[in-house]
Structures are given as structure tokens and as C-alpha cells.
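Every chain is named by a letter (A, B, C, D, E and F) in the order it is written, and numbering of its residues begins at 1.
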């Protein structure tokens, strides 16, 4: 877009102004001609480890998204010029029942995906990813996984925000040969926790390994592992250090910087990505919105990755 | 609405959910059949006394409005069942120029009013009221004023958020015989400040007088003063004590409680009200949103007052 | 206790010091010789209206309780000199399932009560009160209710933090002729909400009525209504105005002051009280701990009321 | 000051601007022609009960004082037009030693008072008042006391922020027949705490009594008690409820409103006041500066009271 | 200064004490013998992109400067021993008019510079830099520019905090061959934004390039570009990541660390620097003052750079 | 511990639940069979440089410790499976007297150490380390020191939180040939400050040197310097950058990241460590508890280091 055109663009509105849909995309559940939808999942009753509040994550990320001015210099692309994107709004989740919520998410995500629309979901705690994966499996079959997180989330048999990938693996939602976990660190519940995740199929790049071999090498290994498989990207904001993302439910020190996570997400370019989520943004523990702003930027990178892969 | 019907009502959605237009009214600038519009004025460059930040007031009030469950027990009315209300969104104000902003507000407010739609405006600092009054005068002629504020806002000749009523009076926007100021208090700039306001025409009920004669008597005197004149109600949230409304630009101790301001606003019932604003909500100084929640409730009372006066 | 004795008392420790059990009572689940137990219920997945975070309420109230220096001048009694009190610790609630949590609370509360120990429970959101009432019914039969709250909590048929008293009434946990609701206010979901509560049996003193007839008269009417019935007192901290209690999940403006709620709770003296709770303290929205400090003081009043009624 | 003169007055500068001495008074330790000095006492190592941080009180109160526009409408006086006031700056207290700090305060306060300059001191915790009273006794002999506080501060024999008035009484700094304590409330350490204070000489008006007989009657009784004695006024900001003054070290619920404390302080008019302090403002627990703003307003009332009593 | 001398130095005062001029330099507008002045520009009505509040930046930076103990070990110099520095105080800006404010800043900065005094200015939003550059051009002719910022600030033709360098270039204030921009990143408004800046003359080292070639190499290239030209350094605090500088108006993730910016600023040693500013510190979004403390440290480095270049 | 066993382990409780002793270790002062004790030292009257509040550090670190799930993957060890650890609770320090507090700490630490129990102490400000070192000298003789801190803490002859290592050296508590200081940076009070520390014996690795030679090399040099000497590790949380640890009394920009400090502490493995402390955590300046969480993790690493060195 040339400078003379910009003045008429809604993307030129200042961030303090207007009603915050994601990047001012229209709020709509009509999918004709739509490439991607932003869907909010304001559920936090799956947060079994420490703090709640992630139900207000979708709203905070939408507000922060108004700071995104539209053109991604790293990729040389303005994703909203390439893709038709709508803001789906929020699924009316059921706080008192994880099971009921799973059904609601599964059903609504399914209806979006079956219309041929890609989904970028905003959590909510990480338990929302399990029904999202079920919905993706319906359409795409078992998918490869890139999972950014401070925790492997395969802890035990219970269903909650810390165990979803165990269940996803056991339910056959994941192509276990194309499963990468990045950023695990911190004290764990028992000695074999990471080994158990590996046994389930995950290739785990803990934070220490990321630091030792470098994020570029990890990126190369992700591509090696995922190959051309269809890929779902799930990003728990706690993969980032609490200095950069204080607004989250289970903060874990020793995490990535904002530059590292941005670089790693951009490094996914070339994978065959079909779905995305950003979860565990908990605004009541944020300050100055820095966690939400980072999350919104990561969604912007997801949109850009989708746009790059589209005929656009 | 009977209980069985409520479950299908969007007003039943929990406050944490969804994209926050005011009380989930549709965002629209189509006025056919519309009774009232909520308009955001995210401008704070007129804040000449202390803190800025009121530009984020409209967004915060909208978010807080999702807590308003729709039925006003004090009045026995559900205003959104009676009135067609839209959320106009925000005027694209011009931060670097008060004058340019005045023109923009005047023009857009005018287009709403001339469509026969009543306006409830969300500030922004108090300087936004001057162009609003100009727009109301166009349609209604000089109006009576009920002005709730810790400050008389007639300080001097400059144009800013502390002088608007002097200008409004001098420009003939106000029916000076029907002008009430409620809640003035605190140190003032010079001895005759309140006397000057009175000389301009305002009947001033300072906070001390409200306490001495009681808010019920003040309410009676407001009615006596305003009579059947068309009335514009301008409410600077700093009329309330900082304990109840910390999120404001010029906090003044010794103010009203939330119960007092709610009661006084409800006490306006019976006046011939044609316009409303709530200004000076500054979210970066708020905590737990208590100022925004109070402001949203006051807008809800304004809507109820409108509804009571409508054929509904 | 004479001054010379105070120096050896743990109640003389400054509030910043030590591991916070409630008022430094021993953490114990041994009930021999124990009169009352403080029990934490860190559950907030029943919070269906707005903000979560009440799971951290019990911890915050315990910390604030260290400011309570032990002697209640209003009653002329040091409750911990009269009663043997233990801090039970927290029930290991199940965030992903309200139903499972209800069972856990019911079971553990029951084991305390059946040992002849009175319970003062710290929420958690208000959904915890339903299993508490079930446990009290087991021991005491249907009880009278004094319910302080901004909301009547009888909204509909779903089970969550806003409907518990409907269920309690329908399950026969409440002596419907001895049921008082105090402090209701704010917008409601439908016209008949309060009437429905009254139809169920509650005598509702809304905030407006409290202001009109005065809290002393309301207190008199509470005694009139409850008589000598066994009474359970449930206090949702949002009965207090957000200025005094910002740290709560569904803040409602226009509420009581701290002096009013203290006075009303002290006014319960003489009732035959057998159980208590304070719920909906949500620390991530609090500031300077003022909500928790108020809640801790209210628990202190509950302890004092118990002590006054004990042979001591 | 007429309106035309105001524009040249520094008191017309907006609050966000400039280096904050108290009300923009000159920072000076020259006392020729000076009527009163504002002195900061940034000491908080005497805070033995709960939270520290009051050492940053003087700075916060100075900043908040820039909101004071100079003319006191309640009294019809602009104190800075009547009095020559300087900002003395802070005493270089010694955090690691209460005793050393007492000497430093005593010495510097003494040098101000012996120059015929009245002192208004900004705490710091309440332990600073003891050396201030020693310095005042040197010049004025034993003084009458008006002590606003949630606590009687006569608890025991130790020297700290909770015992100063016991020591002041025992050292003969106080005219025990002219000693009033206002606002005591909350749990106390032992049954006779208030009786002990009364035995020492204090006429105690607890918060309950203030509410029962009314603040006007308390004011009358203060005048009756103090008569024409020289009076020192010590105001612990925790006399106010935490809703109005969260930024303090030992918050006590059930306190005064801002209107009540302002009215009571104004009610001291006519007493023969010779010294003042405001203590226990702890900014790291404040929000939006509301505690500091209230404290600054109370200092403004003190200045006004001094001005009313001056030949001016 | 030897240890024995330190005890008499005001720089030995603890940070919590005293009235905060910058590093306790005298507040003065007398320039005889003065080498440098710190000037506050509390203006934020040019903040057109997101959050206001930078008007309180100068005050917050001054307070944070009290933590600066005077000796710069990196350079082996105590700048205040070498330079005579005064704190000019704040320019009385005009919030309602950017144009009027530009004139005021231009005039006052000019009077300082024409007295042979170097200026270090504290913003305020970035719009203040345009009149500062005009004033510097008067004295020094077109200057070289080192511009640290997350944004290139050449967006379009409007005058505000995001376009100042376009105007500066077009007005001939800048030596376009000696213009370096460091730290640009994040989504931009249109594809050619950075190219446009380059076309205007700026050598842009975006954050990605800084990371790729390393800050040492960027520093080398800055020296290569600037050579011996007179240089003005403008530092928008948002060049730093929000983790390190949350208190700013337009936070941009993926920025520098505090170590990187300190190193880069120290790396300017040897350039012929004649003017400096730090802008966009917005205290109401800061926490624990970490943004202000970083800004104060950067000013300290500027003072050190000045001192190194002075005959001292 | 195998997965099947974990469900019965208290370490499996979620962090939001229960009364916070350190990692749910029993609160006890019985030392039979005990390997290590966690001791709180809630003292902050030695904080002479800027902000107080560290007295609430021990409580905040204990609460944050509930996030520590027990197994240290970096070391392959679950320290609480290897060591018997108790939470000693807090020493009843004396805020108004540093000297009295020193005696209390010395005495209680001595009684723990003489029972053969290792101590990990939680500050409080850094002045608490001096009596801790005295107590360790009694049992172990002069010890080697690894001191992580932004400041060398040897400033002058006064006794406070900024001078303790000067006194420790002069009292013979330190083996001066085995003394390492890591992380010094920022403006200092006088030119020779670091040289003076070196003259006293400290091998100082300032932050600049850490960056230049790398933390791995610094770690090698630490081992070289300390050799097989008994070592006391004192960690002032301000060694970390304020972005990662805002909650501290004297924040210093340009510090370590959380990953660097974790790596350096883990790098101490192999030293003959006998005592540890973490000091200067000041919760009222923290946000989202990120400073406390980091401090708790560092204590967890200390426990792991102790466990590795134990027969287990």
C-alpha cells in the first residue's frame, strides 16, 4: 500500500481508538470467502496448577492487537492484504465443566474448519487445545505438533491444562513422529516426566538445549522432524520468561526472550501449518499489557505464516 | 422478560466473554429506528491540570458495561427492552489539536442528533463537552445543564478541560437560568472562582452544601431550577471521591460516595433530558476497574432515564 | 490478658512475621477439645459471571489475619482466649469439576462438623456454600440463613456461584421462614429476580432498603426473622462497595461501607449461629490487601460471635 | 488574588509540571521572615507492626501538593498569601538506628522552632512524633495533643511507632489534661489497652463513639478539652479507612471517610495550634496517589489553620 | 573524590531522601559557568499512537536519578565533578496545542544553547524533539543524528510524535549524510516505511540487523557514518524491550536489553555530541520505576559522554 | 519417585493451595535427623540506600516455593527426597535496632548450625548476612564467599546493607583468598570503590567482565578461586536485572538474566558449600510475584547443590 492510500485504511487508526476486534477485522461468523478466523476461548477452569484469569486473555489480546500496524517487514507481507480474516468472537464456554466446554469448543471449531477456514485460537488456559486438536483431526487427520511451552503438558492421566498432549497422543490426534516440544524447563513433578513425554513421541528441546545448540539449530531440527506433515502450532505464553510475560498462570523462570520466540515462530516458515493457538495469557497478572502485546504479535506472525502459504 | 426467555438473551452472557461494545449493543452508524447512541470520545489533550489517560476511558467503560445485566430495579425498567440503542464507536479525534477535535466532535455529534437520535457520550477529558453542547444547541437551542463535577470548570478564558462551561455560557449554549453545578470542592485557584461561576449563571451546590442540606434537598432544588427546560447532563467522574473513582485525571478528595451519585442521578427522573456524558475516566490510574464500573453504571442510569421518558 | 503477659503471647508477633495460619492458630486436623476450625476452600471454577482468582482468597485472608491483635473491644472479648481454634488448612478441591469439588467439600466439612467443631470457611467463589450447607443440614437440620451479598444468588437452575441459594432452598437445606438476604443491588437479569428470591422464601433487604430504613432497623428485622433458629451466615464480600473491597469477582457499585458491614455483623449477636463463611475474595484484583484485611476482620467478628455464645 | 493576577502565580502551574517542593514553596533553611516550614522525616524503621515504606511518604505528599490550587474556600483564605512558608527539605535520618534518628529530628526541629518558625512535619512512621514533641516542649512547654489515629499508640514500654504517646506522656511532653485521641478502633492487643491510654490522661473518642455521638459533637468536646492550651496536632493517616487511604503501614478497616477527617480537621479552628504532623503515608501500597493527595490536603488545612491564627 | 571526602557529598544521600532535582543538581536558570542543563518537557499531546502519560516522565526520571551515585566506572569519570550541571526545571508546555508547545520549547531551548550550555532534555513524547532540533540548528547548523527507537518516526506528513524526523529532515535540521536510526522493528504501517526513511537519508539498523551483525559492529558503523560531524542523540525509551521498559506509550516487543542499550550508548564515545534527549517514559504504565531508572542511567551516560569530551 | 507414587505426595498439591511453608516442608525447630533448615529473616531497617519492604520477602518466597515441583532435571535429583528439610520459620527480629537484630540472628543461626543443620536464609535486606557469617565462622571457621550482587557492599565503615562484606572481612569471618564477587555494575559512590573491595581481598567479576569473558569462564574462575574451601553463598537478588527482579530495594539496570543467574548458581556444583542466603526481595515492588518466584527457584538450586553434596 502506498503512502497516499494508507490514510484511508482502518489499520491507520491509533491503538487507543475503537472497539477491539482482532486487528479491527470484522466480527463475523459468515465464512464465505474467509481464509482464517480468530476465535476466543475464554475458559480457565482447567488451570489446575496455580493462577486463574486466562478467561480474560482473548479480550486483552484483541485490545493489544490494535497496536499491530499491518505490514510484516520480516516477511515482506501485509497478511490482512492477502487473507480474508474475521474475528469469530468467543465460544460461550461453560466454566463449571471442562467436559461441557470441550464439547462446545470441539463443535464450534469443527464448524469453522469444515467451512475451509483456518483457525487461530486465543486462550484461555491450555486445556482448550485438546478439543481444538480433536476438531483439526476431523478435518486434517492426525497432525504434526509444534508445542512451545515451559511445560511438556503430559504429566498424568487427569484431564486439565497440564496433561493435554498425553491425551492428544493417546487419542490419536497427533502424528507422533512429527511432534516437537520446545522450551521445557524448571522443576518437574517426577524424574521421568520428560522421558515419558519422549516415550509418547515428543521430540523435546528443553530450554537448556535451546541455549546449548542455539535456536537456529533447533529451528532446523524442527523442520527436519516435521517435514511436510500438516502442522498445528500451540504456543503457551509461559514459554517466554516471566520478565517478558508476567501475565500467565504458571510462570516459570529461565525462559525465552521476546526476540527468541519471535525468531523461532518466524522460523516455522515453510512448514505446512493448518492451525494455531496462543494460550495462558492471564491479564490480571500482566502489567502495562506487555504479555498481551507479545501474544498479539505472535498471532500476527501466525497470520503472516498463513499468508505466506496462501495463494494470496 | 420471563426467566425462560433470558437464556436466549445476549444480556445473559457473562461479562468476561465477547467483544465489548456498550452492553453488547450493535456497533452501528445506521440510525433508522434508533433511539440513542453511545459515542466514544477518546481525547485527552485537553487535560491541562494533572494526569492524562482519559483517551482510554471509552474502551474501559464499554468493557465494564458487560457487567450490566439489563434490568434496573430502582426504576422497574429494562432500558434496552424499551430503547433501540447502538454503539456508535469512537470519533477519530485529533490528539495534537483541541480545535480540530472540537470540529470533529461537533460534526459527528451533530449528524447523530439531527437524525433524531439521543447521544450518551463517553469521554475523554471534559473538553469534549464543549463541542457536544454546540451540537445540542443546534438541535435543541440553549439547554439547561446539570453538571456533576468536583470543579466548576469556569476557571478562565483559555479553552481546556477546566473552562468549558465558561465558554459554553458565553457562546449561548446554556440556558443560564437552568444551570446547576453539583459537587464542587477542594482548593481553588482564586477566591472568587465559585462566585464567578455563579455570576455566569450557575447555581452551585458545593460538596459542603450537599452534605449540609442533604442530597434529597439538592435534588429537589435541581428540579426547581431546571423545571421543564431541555436538559443536558454532564458528569465528570471526579465528582465522586477518589476512594470510589481513583481512575481520573484530577482526583479531588472529599467527594461523593457511589451511593450518593447513583441516588442523585436517579433523582433526575422527571427532568426533560436530551443529552448526557460521562467524562474523565482515566483507566491507567484505575484499579480493578472500579472507576469504569461505576461510570458504566451511571451510563446505565442515563439509559434508564431516557427509557422512562420514551414512549417505549 | 494483663500487659505483663502479652509479651509472651504469639498474638504479639508483628504481622510481617511468620508463616500465616489464620491468626497463628495451629494448623491441625485433630479436633479433640477444638471449638472451631478455619477451613480454606480455594475453588473458583464456579465463578460464572466475570473474574476468577478467588482460589487465592484463603491464603490472602490468612495473611491479613496476622494484623488481628486478638482482643475485640466492641464485645469485650478475646475470642482465642475463649475458644480452641485450629486452622484446618485447605480442602484439595478439583478445579475442573464443580461436582467433584462439591463432594469433597461436603465430605470434609461433614467430618469437621460431626466432630462437634464449628466451621468458618474461607472461599473461594460462592459455589462452595452449597456443599457447606449440605454438610450443616446433616448435623443441624435445615438452618436459618443470613446472607450478605450484592446479589440474591437465586438466578436460575444452573449450579454455579450465582444460583446456590435457589438450590439450597429447593434441596431443603434452608429453613425458608428464617432466611434473610441483605445488600442486593445493581442491575439484575430480569424483572422478577428479587421477587423470585422472595417467592423461594428469602426476606430481601436490598441496599436501597438498608439505606432507607437504616442498618439498625434491618438488624432488628433480622433478629425478628431468625428468632432462635440455628443460623448459618454466608457473607459474599461484594456486599461491600468496590471502594472498600475491590478484590472480588463481580464488583457491584453502591454497596456498604466497611463500618456498615462490621456493625451489621456485630449486630448478629444473640442469634444462634452455627456456621459461617466469607467468600469471593479475589486477591489479584485487590490492592494493598484491603479486601483481605476486611475479610479477615469479618472472620474475627465471627469468631467473637462464636465465643460470646460459648460457655468459654 | 484577582483573576488577572493569577496568571503570573506559580500556583497556577499544572500539577504535572515542575520539581515538587511542597506547594512550590521555596526549598530553604533560611528562616528570616518565615512563618512556617514543611519538614520531611523519611524514616520507617520504627514501623514495628506490619509494612514499611513510609520513608517515601514526604516525597509523595510533596508531589501531591502540586494539586493544591491555593485558595481554601471553606475558610476564605489563601494560606500562602498570608504566611511565608518554606520547604525545609528532609532531615537526613538514620535508618539503622531509631535513637540516632530521634536525636537528629529533635535537633533540627529545635533549630526551626527556636527561630520562631512553626513546623508541619511529614512522616515517615509515627515514631518521628516523639522527638518532634520533645522539640516543641523545649519552646512551648508541655502541649495539648489532638491525636487522630486508628491506634492509641500507648501500647507498651518499647519505643516504636506504636508507643510514642506513652513515652511522650511519661516524659512530660504532654499536658495530660489537654490530650485527645480520635479514631481508635479495631482489634487491640489486650483488654485494657484503651483504659491504659485513658489512665495516662488521653480522652479517647474511638471510631464507634465518633459514629454514635457524631463528629460535630466530638469536635465540640475536643474544644472543651483543649481550651486555650497550646496544641500539637498529630495525624496518622490510618485514622482514615483503607478505602480512602490504602497507602499506609497498618491499615485498619472501619475508619473515617475523607469528608469526615477534613471536617474534623477544619473543626480545630479556634484552637491555639503550634505544631502539626501527618505520618504513616506509605506510597508503595498506595494507588493513584489517593493517600498522598488526601495527606497533602490535610497539610493544606493545617496551613490554613495556621494562617487563620496569624496576624497575616 | 577520596573516601574521606565522600561523606560530605550530597551525592552520598540515600535515594529515598530529599527533593528530586536531577542528581541533586541545583535548580537554576542562571547559566554563568554552567556546562550542561537538564530540561524537562512534560508534554504528551503529541502521542498519537497509543498511550499518553509521558508528561510525568521528567519528574519520574528526576526521582530515579537519585539512585545514581556519581562515579561512572565504565568511563572512569564522575561527570558532576567535571561538569557544572543545573536542573533547568520544566518548560511550561501547552497541552492543548502542539504548535504553541513547539514554540515554547524552541524558545527556551534556544536561550539555553545560546548561553553556551549543552542540553539534555527529558520527554515528554517524541514530538518535543522537533523544536529541540530547530534550536540546535540555530546554534550548530544541521546536526548528525543518532536516533534510538523502535520506530523510524518518519511515517507521514502530519506533525506528531511519530513523524518528527521526516519534518526535521525536510526542514534541513539534519545533516542527512550523518543520520543513523537504531532499533526499528515490529509491524509497520506500509511496506516502504523503512525505505522511505532511508530515502530521506537515514541509515537504519533495524533490531534484526543489530542482532545479526552484533551491536559492536553497529557501533562501528555509527562512528563510520557520523564521523566528526556534530551529533544530536535522541533516545526513545521504546528502543528497549517492554520487559525492560514497560512504562512507555507505544511498547514494541522484541527490543534491546538494558545491557545492550547501555553498551551502545557508551559506544558513542568519541563522537562529537552536542545535544541529547530521552523521551517517551510514561510512568503510569511503569512498575517499580524500572523504566525511569533505566532512563536516568542513560542520562547519566550522556552526562559522562559530555564530561569525557569536555576539558574538565 | 515413580508416577504411581506421585499422587500421594504433597509436592503434587497445586501452588494455589495450602499454608505456605517453604516447599511444604514441616515448620519445625526440632533438628534431629534434619539436614537443612530454611530460615526467614524479615528485617529491612538496614536498607539505607532506597526502598524498604524486604521484611516481607521471606513470606513471598515461601508462597512462590509452592510452584517448585520437586525434581531438578538439570541435576537429576529431587532434593527433598535426599535431604530432610524443615522450615524454621522467622527469627523475631527487632526493626528499631540493627544491633539487636544482629544478636538475635547470630544466636538463632548459631543454634541451628551447632545442631549440624545447614542453613538457607531468606532475607530481609543484606544486613542480615553479617550475623549469619558470624554464626558460620563459629562452626566452620572463616569461610570462602561467593557473593552475587549488583553492588560490592564494602562501601564504608558504617554498618548497614551496603557495607557488610567490609565488616565481614575486617572481623575475620571471610577467608579473603577465597572470596568472589559477581555482578557489580552501575554508578558507584567513588572511584576506588571496587578497588577497595579488591584490596580487602574480593575477586570482583563485574557485570561487564561477565559479559566479556562469558559466564562459563567466570564460573571456571570461581572454582579456581574457591578451590576446596568451605563456601558461603550470598545472593542479593539485585544481581539480576530489574526486568527479571523488579521487587528489590536498590534496583540496578544492566544486570543478569534469569537464565544467567540460574546457570551460574548451578555452576557452583562441586564447591564445598556450607551456607546460603537470598536477600533483598521486596514484594511491594514486585509484580506477579516474578521476583519471588525467581528467588524461590534459586533456593531450590541451593537445596539441590546441598543434596548433591550429601550422602543422600
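To be clear about the criterion, a contact is a pair of C-beta atoms (placed from the backbone, for glycine too) under 8 Å apart; a residue touches a chain by one contact, two chains touch by 3 or more.
All of these numbers come straight from a predicted model, not from anything done at the bench.
Enquirer: So which chains count as neighbours of both subunit C and subunit E?
Expert: A, B, D, F
Enquirer: Would you mind telling me which chain pair, B-D or C-F, is linked by more contacting C-beta pairs?
Expert: Of the two interfaces, B-D and C-F, more C-beta pairs touch across B-D.
Enquirer: Counting only C-alpha atoms to place each centre, which chain is farthest from subunit C?
Expert: E
Enquirer: Copies subunit A, subunit E: same or different interface, half of numbers shared as the threshold?
Expert: different
Enquirer: Approximately how many whole Å separate the CA-defined centres of subunit E and subunit F?
Expert: 37
Enquirer: Centre to centre, by mean C-alpha position, how many angstrom separate subunit A and subunit B?
Expert: 40
Enquirer: In subunit F, what residues contact two or more other chains?
Expert: 14, 16, 48, 51, 55-56, 95, 241, 243, 257, 285, 287
Enquirer: On the basis of the stated criterion, which chains touch which? Give every pair.
Expert: Every pair of chains in contact is listed here: A-B, A-C, A-E, A-F, B-C, B-D, B-E, C-D, C-F, D-E, D-F, E-F.
Enquirer: Show which residues of subunit D lie in contact with subunit E when the two form their complex.
Expert: It is residues 13-14, 16-21, 27, 40, 42, 55-56, 59, 62-63, 87, 89-90, 92-93, 95 of subunit D that touch subunit E.
Enquirer: Subunit F touches which residues of subunit D in the complex?
Expert: 44-48, 51-53, 55-56, 95-98, 127, 158-160, 284-285
Enquirer: Would you mind writing out the residues of subunit D in touch with subunit B in their complex?
Expert: Going by the criterion above, the answer is residues 1-3, 6-7, 11-12, 14-16, 67-74, 76, 78, 241, 243-244, 257-259, 262, 287-290, 293-294, 297, 300.
Enquirer: In their shared complex, at which residues does subunit C touch subunit B?
Expert: Subunit C residues touching subunit B: 48-51, 156, 185-194, 196, 206-208, 211, 241-243, 246-247, 250-255, 257, 285-287.
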